[in-house]
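Working notes for the structure below.
For reference, chains read A, B, C and D in written order, and residue numbers begin at 1 within each chain.
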């Protein structure tokens, strides 16, 4: 316990798929309440990192500790119960159901984790919680619309809203603004980050858009070929040579470091 | 020693029968993810067509050796015509729908085809013994064996090697494997997937028809003969791993040889062999012995 | 609109009331006989269709009054019969549902038919429950009348015990030197029962012979008997018993013949009769052939008027000699006529049953005594012969035909077949 | 539980049917008994279908239910209708629960086919075992109700109707619980359900077990109304096909649908058989294809259109 304020401690994480190394030597400490941006080119290992933290992929080696407890070996479900949630690059929602129904399911599960799953879902208690979430994420106008008929941005909002109803202590957002127009992206992020700040959630988000990164995060993790090549505040990161070369558009298509 | 030879030959012969009837089923499943219940109908149509023409030709006084030509021709004609009509007329319009609905559609087709056979050929059985009589029999291992039955082993070997060669040694096979692994990937690689599907279905149908046509001379070709084949070929495919040719071959060998041992040594358990093998595989390896790799999503 | 409907309904009700009343008051002009038989599946060709042909031919002749004497009166108690043909396939449970429909929905007067023992076994209690006059034509299991007393159900042919007891007796007579025997029978009730009866009888009458410990029970409709033929070829037994029928029978004959099986072993085919006309030259010589009683090829030479009428008429209409099932369905229809003639065309099921119970009548090929199962189960002779191809006429014949009287091959009234055989077939008069 | 339109309709319909049955001719009562018995299995398959799963082997559980009744009857002489029903439900349910541990890991076509495979194993065993009745099966003695043996089929008909009603109401309620609502959610997106912290495997296992209990009840009731069981009509893969056929025919829209669909199926089969004894399979198969192509929502979607009802879920 060298860093007692860390909520998440990642040590020597390694992930290989046969001969392909997807993550290597990853060591990170995240403090309570931090907002961290994860940047990197396509295939740099960002989503792989998120998948490992949330239990979707099992690391080949290494350890991930959340509030001191080991997460490696737990499934996604157990990790959600422990207090880590995530959103998805392509929103993962129930497309044949309405916004309200989507959230109601999320709320019902978050509320009792299935212990009372044979109870009626539609209770007054959940209804009031639903209204609160709809309001906070400005989803009220679309609440009775079927998801498959919604715009990409609204689906993304819903995706994130569903991830936070379980009141996680860490939230991982996988490219929250992908698929959202340039004009809308700041409005969108204001809604999301505003809502998250109220809850005091620690946020890690994967992002391509450096404007978003600069504006919302206090710290940047830059990934390249499965490794973290920079861990610093956003201003420093953007000025960093390696980051500029390997992450921010000035790529030289090099095969080796 | 002689007994062992007899058991081995019996086992190989039955395995060959199993492999020929199940190869088409597993190929269609592997490529198209369709469990084709109407496979038994291809078998039945192959048998009827072959038996009908072998009988006709024999009545016309043509040489019996033509029977072998008829067998191959019947398989191809049945496979191409039925396969094409079913794939283009029905299945093609369903690829967007649930895979299971397609199974149900082939179930419906099976019911329809069964009765059409009845209407087309009547209830009286057809006999096409001429090719079997032509090849005569030999003494082997102290008993008489019919040569025709043993050629079954050769036919199965040709089918197996043919499939292996097609998949591994031709450009076509490479494309096919891409589609088998991941249909979306196949499309993105520019493969004409609808054409691959049509040809695969016809190919599988030809193999089903060949099974029936080749077996026809040894049996009485009568209504309902396709039903039994569905169950047997399904068992082989489940044991071997759905969609795997190697699996179908190994599955056929395991069931065929175990069954031969049982028939000779302990006939009381013979009946349970197929189901016992199937049950054991299901419990310990529900995806079958040689399940093909599946692509990872996300 | 509503009024119209109401009037219509009242009208129909009135008409049916009149019709109903009329039906009770007068003898009927027409009756409906349901004839279930295999019209689909593997049993249709060898059994179902000849059976249906036999039933239809005899019904037509009765309707026209064209049967030879003493059955040359027109109709069933004067009434013309309509035959409803229906499929016996799909399993016993489905047949139970269909049977209920026949009685309760389609209101048939009599039900005559059924080939599958499983179906008969399932339907007997239903017929009793619905109090429906029913004649089973071909099915074989002895259990139907041994398990319970029946009131409305009849069977106009001998049961399967006779087939196998007679087979064993024939073997003893013609092949006294036989040392050991084996069998290949389908693995379901029919095959299992047939083998058991044959085996038990031989144990009694040829105690020095030995049954193989490797008797084969392949799956029904298996179609491939390569391994079994090998195993039986290697077996020391010199006789093979089989109760195969239909496609399995023919496939077994082809495959066994190609491998010289029947040159080395005596083949006993209890249901071989159905194949005799169809296989022609492909049928090996020297097979012991039964036809489940005195029917088909076994009685081709019987010169009675009734038999000659049956053979000639059948051959005229269908172009082939009548096989066992045609006879069996034909005589079951004949039994229905006799019952109707006695009880009247408007008779109830009860009256029809009373009319048929315990009678003895001359059928096309044999005399049928309804003397077992309290007068509900027929006792007939049973016989076997040996196949030979008659190259002069280009057809199969049987020689050395020998018939055993009913009292020789069937247990006396009130006795269970298996117990009777095990007990040494006491009271058998041969 | 009783305060939505579906529940109210079910109660009313059950009442009308029970009263009507007293005056209906026997063959109609029979059709209703067979139809409603089968409908229970369809109800279970509907629950699975809403989750995106189709089992092509539920004849396994249907057959277990039927054979539980038959074996109890022939070996122990149990004739009480409720004991028989319980036996069918318990045997099928326990088997379903155990097999569920395997099945819950499979989806789509693999799920469908593994079920087929398992049902074929049971079929093979029953056909080959003389003490299980082999191909002949068993005749089943008439059911008694609290020790009384009724003269007619009417009491059994009422019981079947009431069991059907209870099951329909229960499933209707179930579909409104969190578990029930998850049905569609799992079909839509399993990954999300897992990330919300809910075990998809557990949910599917539960649904599977429910469907097997219902199939077991269906088999038991069918055995009692027919008075006969045999492997060909109860366990064979074609029976599984029929069950799925009726499920598709009914449509997944509402718990009422399986009952209507099953009745339509019974009538259709009766008339196909009557009109074309040699080609009834062709009629059934063609109807099947027609439904798949032109009425994907089943009969229920037709009813919704005609009745102008909307969104009654």
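Some observations on this one:
FYI, a contact is a pair of C-beta atoms (placed from the backbone, for glycine too) under 8 Å apart; a residue touches a chain by one contact, two chains touch by 3 or more.
This structure is a prediction, so every number in the text was calculated from the model and none was measured.
When every chain is reduced to the mean of its CA atoms, the largest separation from subunit C belongs to A.
Overall, the chain located most centrally, as judged by its C-alpha mean against the mean of all protein C-alpha atoms, is D.
By number of C-beta pairs in contact, B-D leads when C-D and B-D are compared.
Averaged C-alpha coordinates put the centre of subunit C at 37 Å from the centre of subunit D. Centre-to-centre separation between subunit A and subunit C, using Cα means, comes to 76 Å.
Distance between subunit B and subunit D, defined via averaged C-alpha coordinates, is recorded as 33 Å. Note: centroid distance subunit A to subunit B, computed from Cα atoms, is 50 Å. Subunit C has residues 39-40, 187, 219 in contact with two or more other chains. Of all residues in subunit A, none touches 2 or more other chains. In subunit D, the residues touching two or more other chains are 128, 191, 278, 280-281.
Across the whole structure, chains are in contact as follows: A-D, B-C, B-D, C-D. The part of subunit C that touches subunit D in the complex is made up of residues 39-40, 85-87, 90-94, 96-98, 100-101, 104-106, 117-118, 121-122, 125-126, 129, 141, 187-189, 192, 219-220.
Interface residues of subunit A facing subunit D in the complex, by the touch rule stated above, are 54, 75-77, 80-81, 85-86, 88, 92-97, 101, 104-106, 108-110, 112-114, 116-122, 162-163, 166.
Listing the residues of subunit D that touch subunit A in their complex gives 174, 176-182, 184-185, 187-189, 191-199, 202. Residue ranges on subunit B touching subunit C, taken from their complex, read 3, 6-7, 9-11, 13-14, 17, 114-115, 118, 123-125, 127, 129, 132-133, 137, 142-146, 148-149, 215, 217-220, 222-225, 227-228, 259-260, 263-265, 267-268, 270-271. Interface residues of subunit D, counted against subunit C in their complex, comprise 25-27, 30, 34, 127-128, 130, 134-137, 139, 142, 226-234, 236, 270, 273-274, 277-278, 280-281.
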